[in-house]
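Heads up, the next two complexes both have chain A, just with different partners, chain B and then chain C.
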Partner chain A sequence: MGLLGSLRNSISQVANTLFASDAEPKRIGIYGPPNAGKTTLANRIARDWTGDAIGPESRIPHETRRARRKENVEIERNGQTVTIDIVDTPGVTTKVDYTEFLEHDIEKDEAVRRSREATEGVAEAMHWLREDVDGVIYVLDSVEDPFTQVNTMLIGIIESRDLPVLIFANKIDLDEAQINRIENAFPQHETVPLSALEGDNMDEVYDKIAAYFG
Partner chain B sequence: MPHQCTSCQSTFPDGSKEMLSGCPNCGGNTFQYIPEGADPKDYEPEATEPPEPPVSEDSVTGRMGRAASTVREYVSAHQDKGETTDDTPSELEAERSEQSAETDSSEKQTIETGSTDTESLEDRAQASARGEVADVSELHSGGSTTGTRPTDSERQPGKSKTDTQTGSASSSPDSRKPPREDGRVAEEPNKAANTDLETLRSELNDQFESIRIVEPGQYELNLMELYDREEHIVALREDGKYVIEVPETWRDGADSPDRS
Partner chain C sequence: MMAGIEHDSADGVEIELISGQRMHDKTSMEKIRMILDDVRSGNIVILEEGLTPDEESKLIEVTMTEINPDDFSGIEIESFPQQTATGGGFLSRLIGSEPSNAKLTVIGPANQIHSLQKDDTLIRALISGK
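Presenting the complex of A and B:
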């Protein structure tokens, strides 16, 4: 009986190893509120490891209004390669108002269209979270207050799905950045400070990605 | 002598303190005000317009107490017969229109949930309560009577499922809370309303929009609702319609005949 049991264990270990190597890359969703720097981060990761960008970056909120995916991003860490699919998602919010775009010198018709697309984008992001994501990088602007309804709700949903999650405290190059505030807001999760724009602390970012999602 | 006890007709001067804790002669707690110079005969119980009993002309306590006792009588009669005789008097319509908005709404909700047995039960109770005179002694037992009504209805083997559900739903709060000693059973219809409201609320929650269009270009999003949806909203239209992408499993069902 003991012999059979150990034999079975050995077989399953071998099978796991085989399947693991052939397994699909994990899909990592980059989530967060609008203007946190999600696309900047996605582009930084994609450029660093594939040479391509994922999408246009902008200071205007809701620039990303459709989820974009970069497949087979191979990240090398400590002699090992971790392959992931990166999904850059539209910023999640509970209210979208076209007047927000008017402040950025956008005509009303265009602002209304952007607003509608941004709303569709949020719906899409929430759908991805439900259906198609194996892990989450939650990006926050270190300058902004992290204690918001959207952040709490999204982190709650992610936790309820038992998805691995990393909190990225972005924009640490700015003087007003407060990393501690984010660490205190979500003490149950690992917070990694970075500046996706400047490329600050990206080594730690990749270490954590490999450790959490590899 | 502007204040007159409606039970024993004792009168008390304006500002009298002795009536503050009830009529010292009969213990009644309902008084009517007779202006100075008016003929007290005009205010005698017989002269009051509706066929309300003199005991508690405008007292909800009395009315509901009678309703409760009538319900009890109805239920026990129902038990004896073992079947409902669904004779709806035409005056019920008029009675219904007289009821307060709150009672009205609770009734509507009952209708919406399809509880026809309960409806006719309440209608009869209301009609009898207004038309019949009950003993004062019955008023005090009203609260406890109502408390036991659902249990009675549960015991009936011939009761319809809806009625049993309504009964058991209102009996659970009753069992937690002792009946009020003052005979007030005003909660009785409200309990039914609360049950129905809960059902309604959960229905509304189910139907709550994922995306509310405040005006073109302004949207409010229910993130939990968006997350919970199986279908995926891919496009919005300003007329409030969505274009959705249905899950694979739905398509599988539709496609299955073609495959086979």
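Presenting the complex of A and C:
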């Protein structure tokens, strides 16, 4: 991005801050690879601030096969209220093989149905990213290698659209978690460690959400 | 690229190295259609220049719509990081000109690529026959 581009973004951010009280809630998409804990995070945020969950959580990949939106989530930080819509999206991948579901004791017909829904969900998630989100929370499993082509492509797509993005290094409650690896993979973006499942470091999570997307 | 040459490659794997020049005049959807037609035929596609982020997004989306349990489970893709424009000095930074798209990209059918590994200077693919 050139200097003029940076200047334009700065002016845009100042304008957004000045007129924030009159603006529609920003739609924040929760993106990331399958099984990173996106729905667990979305449910944690929704439960903390609205009392309701967004969707079912599971260890089976592609449990979330439709983008789900929770509207008007009001997050209070430092005496101010930030209102956002949370969009929980299916995990992004470039391949879906129904036989993966068979490994989770799912019958073939059900596996085929799930894989079909999963592909539709990923396509839907990509469409949301191009058209309908104002910011992105990119969730990664701290135990897994972040240097994947899908992660690189998704971050590149987000950057090309000038969307504000926070990287969330999830599952820090696990012994094998390596937060530094994620920080090194995407040093151009702020990385926030957390455990959505255990609720670890959620104060910082909400501070950052308010600062980036308020 | 060896365009237009027909092979009797029932058990082999065809690798297509597609020059940036060949892609320049194509629209995004023409590029994606060409890539997916090749990959669905069991070919490995190597793009001299990669796709733009928007095209990558559409490639994922269209790939998803074409997956079916019988014959196509998606794609494997790897590329080297995008190179910054050579010779792009202060002026190009000032006006925010686009960096070069040059990022060598390998795309193949997921059910035939057993592994696709990458480090800073090497992409290595282990491929099975059709």
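We adopt the following convention: the second predicted complex is superposed on the first by the 194 of 214 C-alpha atoms of A that agree within 3 Å, B and C clash if a C-alpha of one lies under 4 Å from a C-alpha of the other, contacts with A are read in each partner's own complex, and residues count from 1 in each chain.
To be clear about the criterion, a residue touches a chain if its C-beta (ideal position, glycine included) is under 8 Å from a C-beta of that chain, and two chains touch if they have at least 3 such contacts.
Here the structure is a predicted model, which means the values were calculated and not measured.
Novice: Using the overlay on chain A, decide if chain B and chain C clash or can fit next to each other.
Specialist: They clash: once the shared chain is superposed, the two partners overlap in space.
Novice: If we overlay the two complexes on their shared chain A, which of chain B and chain C does A:Asp132 touch? Say first, second, both or neither.
Specialist: Once the two structures are laid over each other on A, A:Asp132 reaches no partner at all.
Novice: Where does A:Glu159 make contact in the superposed view: on chain B (first), on chain C (second), on both, or on neither?
Specialist: Only chain C is touched by A:Glu159; chain B is not.
Novice: Return first, second, both or neither, reflecting whether A:Val112 touches chain B, chain C, both chains, or no partner chain.
Specialist: It touches chain B and chain C both.
Novice: Where does A:Glu103 make contact in the superposed view: on chain B (first), on chain C (second), on both, or on neither?
Specialist: Neither partner.
Novice: Give one of first, second, both or neither to describe whether A:Glu120 is in contact with chain B, with chain C, with both, or with none.
Specialist: A:Glu120 sits against chain B and chain C alike.
Novice: Quick check for you: in the superposed arrangement, does A:Val92 touch first (chain B), second (chain C), both or neither?
Specialist: Touch partners of A:Val92: chain B and chain C.
Novice: Please state which segment of chain C collides with chain B in the superposed model; the candidates are 5-13, 59-67, 77-85 or 113-121.
Specialist: Of the stretches 5-13, 59-67, 77-85 or 113-121 of chain C, only 59-67 runs into chain B after superposition.
Novice: Going by the contact definition given at the top, which residues of chain A touch chain B in one complex and chain C in the other?
Specialist: Residues 92-98, 112, 115-116, 119-120, 122-123, 126-127, 129-130, 153, 157, which sit in both footprints.
Novice: Applying the document's contact rule, which stretches of chain C touch chain A when the two form their complex?
Specialist: Residues of chain C touching chain A: 52-54, 56-58, 60-65, 67, 69, 73-79, 81-82, 92-97, 110-111, 118.
Novice: For a test of understanding, state which residues of chain B touch chain A in their complex under the given definition.
Specialist: Residues 210-211, 216-224, 226-229, 232-236, 238.
Novice: If you look only at chain A, which of its residues touch chain B in the complex?
Specialist: 92-99, 108, 111-112, 115-116, 119-120, 122-124, 126-127, 129-131, 150, 153-154, 157
Novice: For the complex, which residues does chain A have touching chain C?
Specialist: Per the stated touch rule, the residues are 1-5, 92-98, 112, 115-116, 119-120, 122-123, 126-127, 129-130, 149, 152-153, 156-157, 159-161.
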